[in-house]
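Taking it in order: structure first as structure tokens, then the write-up.
For clarity, chains are labelled A, B, C, D, E, F, G, H, I, J, K and L in written order, and residue numbers in each chain start from 1.
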Amino acid sequence: MSNHVYKSLELTGSSKTSIEDAVQTAIAKAHETVRNIQWFTVTETRGHVVDGKVAHWQVTVKIGFTLE
Amino acid sequence: MSNHVYKSLELTGSSKTSIEDAVQTAIAKAHETVRNIQWFTVTETRGHVVDGKVAHWQVTVKIGFTLE
Amino acid sequence: MSNHVYKSLELTGSSKTSIEDAVQTAIAKAHETVRNIQWFTVTETRGHVVDGKVAHWQVTVKIGFTLE
Amino acid sequence: MSNHVYKSLELTGSSKTSIEDAVQTAIAKAHETVRNIQWFTVTETRGHVVDGKVAHWQVTVKIGFTLE
Amino acid sequence: MSNHVYKSLELTGSSKTSIEDAVQTAIAKAHETVRNIQWFTVTETRGHVVDGKVAHWQVTVKIGFTLE
Amino acid sequence: MSNHVYKSLELTGSSKTSIEDAVQTAIAKAHETVRNIQWFTVTETRGHVVDGKVAHWQVTVKIGFTLE
Amino acid sequence: MSNHVYKSLELTGSSKTSIEDAVQTAIAKAHETVRNIQWFTVTETRGHVVDGKVAHWQVTVKIGFTLE
Amino acid sequence: MSNHVYKSLELTGSSKTSIEDAVQTAIAKAHETVRNIQWFTVTETRGHVVDGKVAHWQVTVKIGFTLE
Amino acid sequence: MSNHVYKSLELTGSSKTSIEDAVQTAIAKAHETVRNIQWFTVTETRGHVVDGKVAHWQVTVKIGFTLE
Amino acid sequence: MSNHVYKSLELTGSSKTSIEDAVQTAIAKAHETVRNIQWFTVTETRGHVVDGKVAHWQVTVKIGFTLE
Amino acid sequence: MSNHVYKSLELTGSSKTSIEDAVQTAIAKAHETVRNIQWFTVTETRGHVVDGKVAHWQVTVKIGFTLE
Amino acid sequence: MSNHVYKSLELTGSSKTSIEDAVQTAIAKAHETVRNIQWFTVTETRGHVVDGKVAHWQVTVKIGFTLE
């Protein structure tokens, strides 16, 4: 109960629309296989450009979850 | 007039909707007690996750204002 | 064909509405004079405050493009 | 209830005995004037040396608390 | 035999008593599923505060082990 | 007597003449309201340019003082 | 199809001959169990010394691959 | 009018006399070909030594200007 | 004669064979249009992977040259 | 009397028991050959693991002393 | 002639008057025992404060010299 | 036997041919006067350019050795 241990994974989510959506994409993917996700931290925000416009936002997050 | 001095505070705003809204929340709170806020810099973007979705965006900003 | 060289520029775009729009503003400006923009990385997010509200988002990006 | 704002202060606590005690000294001092302290992060660990022995541990912490 | 490959995981251990105990908690948890742990590096030291006292030390470590 | 606690503030001083003068401006301002200032660390040196000349040096310092 | 998610692992490869070979050793090991490796970034270059000569190059890389 | 874009260049100025003079040398050089320089940030301060004395101060600055 | 000014560019060279060759590729490209290149600093080493092997080394360098 | 010069050395002390003891081990070793040690700063905390337990704490410190 | 090796020392010089004078103090001290000093880099600028005024500038430099 | 202390030196080796050779040059030089060198870490990779080609690779390493 008391001495929890957390593990963190680093994922990069992409989105055509926004930074927030790219983060949500990464977390949703992690949620498919990992239970108990608690928090994330953004570590890099970048993207691809096509014809002078942002085609994809690519946001890297550290995702932390409780180990059971 | 000439030799201004600026002070900076570090606050973390939270929001259920977006990074921009979390920043605005922090600045609005500082505005209650501090006059002459001039600028901010984002120093960390993180958040809480519930059931595989972002529940709160938590954005830390340094907020700079003129000392009178 | 094989040994490409990329150059990166550092620009700061501003926007009254969002971080994403400030990035797009910077890339659109670079696109006026540079061909083959491929990617960007956000290196700083800051802004101006007027009357306790964010007046402008100012986002600095490194923009990478292929040298021909 | 929903959109909390946190403020962080930077203090340096000192102790003749341990790193943990220096942190606790800083937090106890902050607790005299600040309510609702939630967390801390260690940002620097240093100390003074006298006659080849550690005389004081000096640990700098960021201390975060809820603004009401 | 010669060209080893090491993998590193990032875990956060918690403890009510000390930084060293929080590190040991994280390593013991990793040891349940990973063989051949060789080293660790502390990457962040933080904690929770309740009533002006450190309630939990939370120490993040990179843990390195040999891949077989 | 033994277990001192220090607090640090972040100020930015400006000056038309030199980096040293900008630092002194910031410390003098802090001295108006804070007793027992002990040390400072320069964390950023920047400035404004008008007509191709430095109009103001803007130097950010962390200023440390003893809490009584 | 559009919103890819990438995961990154951190491995350290070693080699008696060169930095490039140490990187290739790490990637080859990851390739045994992970499909779709796309890129790597070198995060640390170090090594062991025996009798005043480099005995092993040890290069740490973040390796990124597409999650399916 | 509203959505400005700024570009930054990195120059290193040198001077036999002072850090401030080296910065001014770099800005004056940029001013020969670039209009609308607004600000600079010092990113590195170094120098050459001859016979145990500083022969040249070499200060690297990022120089920001408005793109028209 | 005395107060030189240096400018730095950031390029990324690629190579199928080695880190050194990728650096040389970037410098040779810069040399086509810039005279008086004096030095470079490696700021990032990364690469593309195909079928578990390094397909391209991509090395980013800051290249410094004298402004005349 | 007035214009002191300090030199700093980087040492790594090890200990089977605690971070504090590893720091003290490094300082005691420096004290054998260096007079006037004044301060230290912790720059890295790591350790060796044997059988899922911390076998040695290895703490790197910068040690500063007055040059006479 | 061809394959030089340079060593760097870290010293902190102090001065009552300026940053430049503190750097020169450190280099002059190193020059008493080290030949062939070539360059320095400023790594930290701080100082002591007495009665709301800078009493000493303390500037840390890495000093590089050729090993013979 | 148990509580080792390690010291680290910072050297820069140069080479006309490769990064690896520059590292080896620095270590061989240290080996002339220091026993028990155990490890190194690369902290900077740079070089001189002549006529658009790399004339010298200059690689800075921290070199660690056991104090007896």
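The definition used in the following text is that a contact is a pair of C-beta atoms (placed from the backbone, for glycine too) under 8 Å apart; a residue touches a chain by one contact, two chains touch by 3 or more.
Remember, predicted model here, so these are calculated numbers, not experimental data.
Colleague: Which contact partners do chain D and chain I have in common?
Modeller: none
Colleague: Can you work out the rotation angle that lays chain A over chain K using Cα coordinates, in steps of 5 degrees?
Modeller: That pair's rotation angle lands at 180 degrees.
Colleague: Is the contact between copies chain E and chain J built from the same residues on both sides or from different ones, judged by whether over half of the numbers are shared?
Modeller: Different; most numbers are used by only one of chain E and chain J.
Colleague: Sharing over half of the contact pairs with E-J by residue number is what counts; pick that pair out of G-L, A-E or C-H.
Modeller: That would be G-L, since it shares over half of the contact pairs of E-J.
Colleague: How big is the gap, in whole Å, between where the Cα atoms of chain H centre and where those of chain L centre?
Modeller: Each chain's C-alpha centroid was found; their separation is 32 Å.
Colleague: Could you work out how far the Cα centre of chain E sits from that of chain G, in whole Å?
Modeller: Chain centroid spacing, chain E to chain G, equals 22 Å.
Colleague: Could you state the distance in Å from the CA-based centre of chain B to that of chain I?
Modeller: 38
Colleague: Residues of chain F touching 2+ other chains?
Modeller: Those would be 19.
Colleague: Check the chains against each other and report every pair that touches.
Modeller: A-B, A-C, A-E, A-G, B-C, B-D, B-F, C-H, C-I, D-E, D-F, D-J, E-G, E-J, F-H, F-K, G-I, G-L, H-I, H-K, I-L, J-K, J-L, K-L
Colleague: Write out the stretch or stretches of chain F touching chain K in their complex.
Modeller: Against chain K, the touching part of chain F is residues 19-20, 23-24, 27-28, 30-31, 37-42, 63.
Colleague: Quick check on the complex: what are the chain I residues that touch chain H?
Modeller: Checking each residue of chain I against chain H gives 2-8, 62, 64, 67.
Colleague: Going by the contact rule set out above, which residues of chain B touch chain A in the complex?
Modeller: Checking each residue of chain B against chain A gives 18-19, 44-49, 51-54, 57.
Colleague: Could you list, by residue number, the parts of chain H that touch chain I in their complex?
Modeller: Residue list for chain H touching chain I: 9-16, 22, 25-26, 29, 56, 60.
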